[in-house]
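Letters are used for the chains, namely A, B, C, D, E and F, taken in the order the chains are written, and counting of residues starts over at 1 for each.
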Amino acid sequence: MYAANLTMEIEQLLMQSLQLLGLGMGAVFVILLLLIAIISLVSKIVPEEVATPSAIVAPRVDNSHIAAISVALHQHRKNR
Amino acid sequence: MYAANLTMEIEQLLMQSLQLLGLGMGAVFVILLLLIAIISLVSKIVPEEVATPSAIVAPRVDNSHIAAISVALHQHRKNR
Amino acid sequence: MYAANLTMEIEQLLMQSLQLLGLGMGAVFVILLLLIAIISLVSKIVPEEVATPSAIVAPRVDNSHIAAISVALHQHRKNR
Amino acid sequence: MEQGLLQLWASTGLYNFTFGQLAMIAVGGGLIFLAINKGFEPLLLIPIGFGGILANIPIAGIAGPDGLLGILYSAGIETGVFPLLIFMGVGAMTDFGPLLARPSLMILGAAAQFGIFFTLFGAIAMNLVPGIEFSMADAAAIAIIGGADGPTAIYVGSRLAPDLLGAIAVAAYSYMALVPIIQPPIMKLLTTEEERQTRMTQLRKVSKLEKILFPLILLIVTILLLPSATPLVGMLCFGNLLKESGVVDRLSNTAQNELINIVTIFLGLSVGSKLAADKFLSAETLGILLLGMVAFSIGTAAGLVMGKIMYRLSGKTINPLIGAAGVSAVPMAARVANKIGLQANPQNFLLMHAMGPNVAGVIGSAVAAGVLLAIVG
Amino acid sequence: MEQGLLQLWASTGLYNFTFGQLAMIAVGGGLIFLAINKGFEPLLLIPIGFGGILANIPIAGIAGPDGLLGILYSAGIETGVFPLLIFMGVGAMTDFGPLLARPSLMILGAAAQFGIFFTLFGAIAMNLVPGIEFSMADAAAIAIIGGADGPTAIYVGSRLAPDLLGAIAVAAYSYMALVPIIQPPIMKLLTTEEERQTRMTQLRKVSKLEKILFPLILLIVTILLLPSATPLVGMLCFGNLLKESGVVDRLSNTAQNELINIVTIFLGLSVGSKLAADKFLSAETLGILLLGMVAFSIGTAAGLVMGKIMYRLSGKTINPLIGAAGVSAVPMAARVANKIGLQANPQNFLLMHAMGPNVAGVIGSAVAAGVLLAIVG
Amino acid sequence: MEQGLLQLWASTGLYNFTFGQLAMIAVGGGLIFLAINKGFEPLLLIPIGFGGILANIPIAGIAGPDGLLGILYSAGIETGVFPLLIFMGVGAMTDFGPLLARPSLMILGAAAQFGIFFTLFGAIAMNLVPGIEFSMADAAAIAIIGGADGPTAIYVGSRLAPDLLGAIAVAAYSYMALVPIIQPPIMKLLTTEEERQTRMTQLRKVSKLEKILFPLILLIVTILLLPSATPLVGMLCFGNLLKESGVVDRLSNTAQNELINIVTIFLGLSVGSKLAADKFLSAETLGILLLGMVAFSIGTAAGLVMGKIMYRLSGKTINPLIGAAGVSAVPMAARVANKIGLQANPQNFLLMHAMGPNVAGVIGSAVAAGVLLAIVG
């Protein structure tokens, strides 16, 4: 391939990367702006710092099932 | 395949699953009953809550070899 | 194969393993002696128990980047 | 630029979504909601639900052969490695003491497996419904939901009916979470007030040696009678031996903590990858959900009936409520028995008594799984 | 004996070394030195450096298809599993609270991604230098260094330009470690003393529910608009949901501790296996190091410029310094913003304010990675 | 029904057992008994013993290519990954301080490797016994038992003689556990009371920098002279560098705790899968057990003889007992030296002095493994 061709090819690639710059920054901004909009909306809907249901449910549930356990074991485990 | 055939096939499968019901519950009961028998026997043979050998051996052995260690290291590890 | 041949083969293998004995013990001694020499040299060069740079750098760096964290999280983690 | 924009637009989710995928993402979200908000088995349903969402994203191919979920699935579920490692961890967590203290109660854990085999029958019968077609292998995989044991269900499901695995796992864990709702009415229906008030004598202390011997005995019996159950039972026994031997605490601790946690994450995501729209959104899934409910109910009832028999035979010293714990669903079912017992008699603490049938139920359903794998598999 | 000695001699490193291998072992040692002595991202650079040494040992073939590093590489990097698991752990470690408290600052995390796409352009332009040949895929993989996020760089690098992965990872982590040196001059150049003195009002408290919803919202938006980014974003969200749901702490703890540690060791060693002499010692590597530096600088500058715009628009209530944190490099860049802010005004604590753009930068570069993978990949 | 019963009966263990399988299950049980009851290296022998039981269950195929043990074996032992990760953990656990404080004692760790090469000779000579046939590779794999280092033995065994791996691993770990019984008589036989009473001066303090440099120096020397040993030595050094660098404690902790525990479980089970009846129940196994004993004894003796030489050369300031610790079997052999020293002189604390030769023995046997792999492999 001749140098001229090479440069042409690079020019093409440069055009392409310029496109990517536009598309990429566009996508990044569109997505983050959309996120900002949704989060702002949500923060207005969500009641402020009411204890959420999960906070209440949590201690009862975590660890509960994954296996057959009797309470004694837990103490044993803590001693490791 | 005709509906009649289909039903016949299902009937066959139903017979088979009835068999499985018998075999399966039979196997479950045989195995668990055998376990009950053996465990009951063992519990009579095993001396009650004498400190078992393993309990004595344990603290000396655990952790002992898996690798080259000098005592100093253990302290270090506890601090993590 | 005749018994005579078998014994000859074993003799060959024995010769080979005698060689390996020499080569192996040679390699082990050469490498460990070289290590002794280098370590002894290094121990003379290295200043004795000056706080090494790493000791100073450590607390600041460890854990620092692997992910996005805010301080609050660390406390949370300790409670597990 | 225009071409690039079109290419980018053609690669958006908006452009590529099918209705089924949207529906399945909603299902995944629903599972996560139930797990967080209602406390439905969150350790499994959050990873499964999230895996279901990821699996239904168009283009990304996360559940495909080169995607993360696809890779995890073929490495850990297709091979059976994940459920077996979970079973090892379960073994390392399980205290068989209550079972050893009163071995006769194991019979309750046997009776409750009736739910499995009755459901097998029901699944085959469901073929009469147009649009539903369950082979014998499918039916067996569905029936195991009645074992009320997650890893067993996933192990059998992945071996006998991988296409139904998503629905089977979701049904198994959902109903395990629903045990406090499903079981009480059946318990009250089948027992009298007097029966429920029965107090049980305290369990004897079990010696260390008995606890060490138990996993070995269990393994030997299973080897002799039902080798096809030994992958599951063997890993359960191995984990339990690590725990009870007392000389390898570092291995036992790892098996019941970090290792089981890692595998739980991977297993949940992999199972979720089977929540693909084309497999899940079908009449079969509805059938599976229905059959799962039947399986749990029948299992509970069978355990209770056996409990009532033992109540009589023992001269009213065994509370039949603990029979319901025989379905497994450890330790939820034992807690439910305890709770209903307390309602009948505030001095009536059944928890430890129910733990025996409860863990016996795990063994029972592993044995049942062995039978299904040996004959149907 | 003589033959044996010759065989042994012919199998020594002394006999077999090439100059390139020696040079690369020195490079590996250099990375380890920087990590230990200068505190350069030691969690990654020690394993990478050590992997680089092991990969360049003659005869042993540790980075070959049957060697440990080769096996780890094909199991975890070629498949993308390791960086995705790291991202899950990152998610489980990340508190998106500061971002949620003031979402508008996310725009700073968007602006800083300009460094990525400008560098893409630069990498293509570098083809004009004789001896350097970067394809579009190469250029995209190099550009992602500007994302200032290690696992993202490794994920994209392994997909688009595996041969350049060693250099890309080394550049990414080195510049992340150099953030306290690279950023301050740019920050002082582009901002006025008055701007740097700007104090910001305290962040509002974010409710638990918002924190739980955030990973789901982020995932849904990404699914709708850019599915090709969902493997990365999805695992980040999954990890974060484990943490924020509050009901699966044992999974969250494992994801952010043991699991991420294990994967970090494996990932570092595997990436190091790409420090083979024939790939690394080339003009391309110099180009990559140069471009990486450009990427970081341009990203920082773009974040700062956006910061200055927001400073104006907000009536001087937003300190433009936090724009520099938009490049990611969590939490180093946020700390640098805080430090420069304190220099201008000793009462000026910017750390928490900078954490929002900082973690937004992680999302931004994952999105940018999705675009590159969708169009170039 | 009858057919089903027959099918079920034909699938029982009772129907399918061979005598060899029963014997091997007894062997597995015996290993577990020794581990729990006698404290024989339980961390390895419980998993190996249990794996041996699982591998000999008829029909189940747990050690087959699709069974759990078979999968673990091919993923971790065939590839060498498991022993190398164990070696990394060993490195992260090892304090080379005592060795660095008095490097000349490393020579004791060299001398004790004589046990390896003498056994090689013995294994070949055993071919004269009818019914035993050891190739050079077999002999080398057996000889490495004399290295008294588990992961090294498994690594070499899996590379050179996978069929003998079960017996080799069992012998290696059993004799390591028997060190307190095997070594004392040899120690008393070869040393005089006066020699055993020798007290040694306290070790100097080793600086942090020396400890950081040591793994790098060790690696470089090995690279230059014996690259074939670098997989083993390299991972040992990597683990040790994680520990000593002080900047990646989270990785070091994981390497020496959860990761090594997980791999130990998998490695033990996989090695156990090689306890298949047809391979293990043979004259070769008896030969291996005999040779292993010889290897330990000769290694101990060689270490002691070198100890006596150093005792003379050092003007009676080096206690020859610490020479026995040169065989490795860390830290058991060092403890035995300490105990015998205390018997001779109640003020004679040799533990720390014996740790130097002890860890030098690990390096020595890794080097010996490298020679065997380079020439025989």
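By definition in this document, a residue touches a chain if its C-beta (ideal position, glycine included) is under 8 Å from a C-beta of that chain, and two chains touch if they have at least 3 such contacts.
All values reported here derive from a predicted model rather than from experimental measurement.
Separation of chain C from chain D in touch steps, taking the shortest path, is 2.
Between the interfaces C-E and C-F, more contacting C-beta pairs are found at C-F. Interface matching across A-D, C-F or C-E places the copy of B-D, with more than half of contact pairs shared by residue number, at C-F. A centroid comparison over C-alpha atoms places F as the chain most distant from chain A. Residue numbering shows that chain D and chain E use the same positions for less than half of their mutual interface.
Inter-chain spacing, taken between the CA centroids of chain B and chain F, is 31 Å.
Rounded to a whole number, the gap between the C-alpha centres of chain E and chain F is 41 angstrom.
Separating the CA-averaged centres of chain A and chain E is a span of 16 Å. Taking each chain's centre as the mean of its C-alpha atoms, chain A lies 46 Å from chain F. Looking at chain F, one finds that residues 4, 8, 36, 39, 42-43, 212, 225-226, 245-250, 253, 257-258, 264, 371, 375 touch two or more other chains. Touching two or more other chains at once are residues 20, 23, 27, 54, 57-58, 61-63 of chain A.
In this structure, the chains touch in the following pairs: A-D, A-E, B-D, B-F, C-E, C-F, D-E, D-F, E-F. The touching residues of chain D, when paired with chain B in their complex, are 100, 103-104, 106-107, 109-110, 113-114, 116-118, 120-121, 123-125, 127-128, 136, 139-140, 205-210, 212-214, 217-218, 221-222, 225-226, 245-250, 360, 363-364, 367-368, 370-372, 375-376. Chain A makes touch with chain D in their complex at residues 19-20, 22-23, 27, 53-54, 57-58, 60-70, 72-73, 77, 80.
Within the complex formed with chain F, the residues of chain D that make contact are 79-81, 84, 88, 212, 216, 219-220, 223-228, 230-231, 234-235, 238, 241-242, 245-248, 250-251, 253-255, 258-259, 371, 374-375. Listing the residues of chain D that touch chain E in their complex gives 4, 7-8, 11-14, 16, 25, 29, 32, 35-36, 39, 42-43, 46-47, 50, 53-54, 57-60, 62, 66-68, 71-72, 257-258, 261-262, 264-265, 269.
Those residues of chain E lying in contact with chain C across their complex are 1, 4-5, 8, 36-39, 41-44, 86, 89-90, 93-95, 97-98, 150, 176-177, 249-250, 253, 256-257, 260, 264, 329-332, 352, 355, 358-359, 362.
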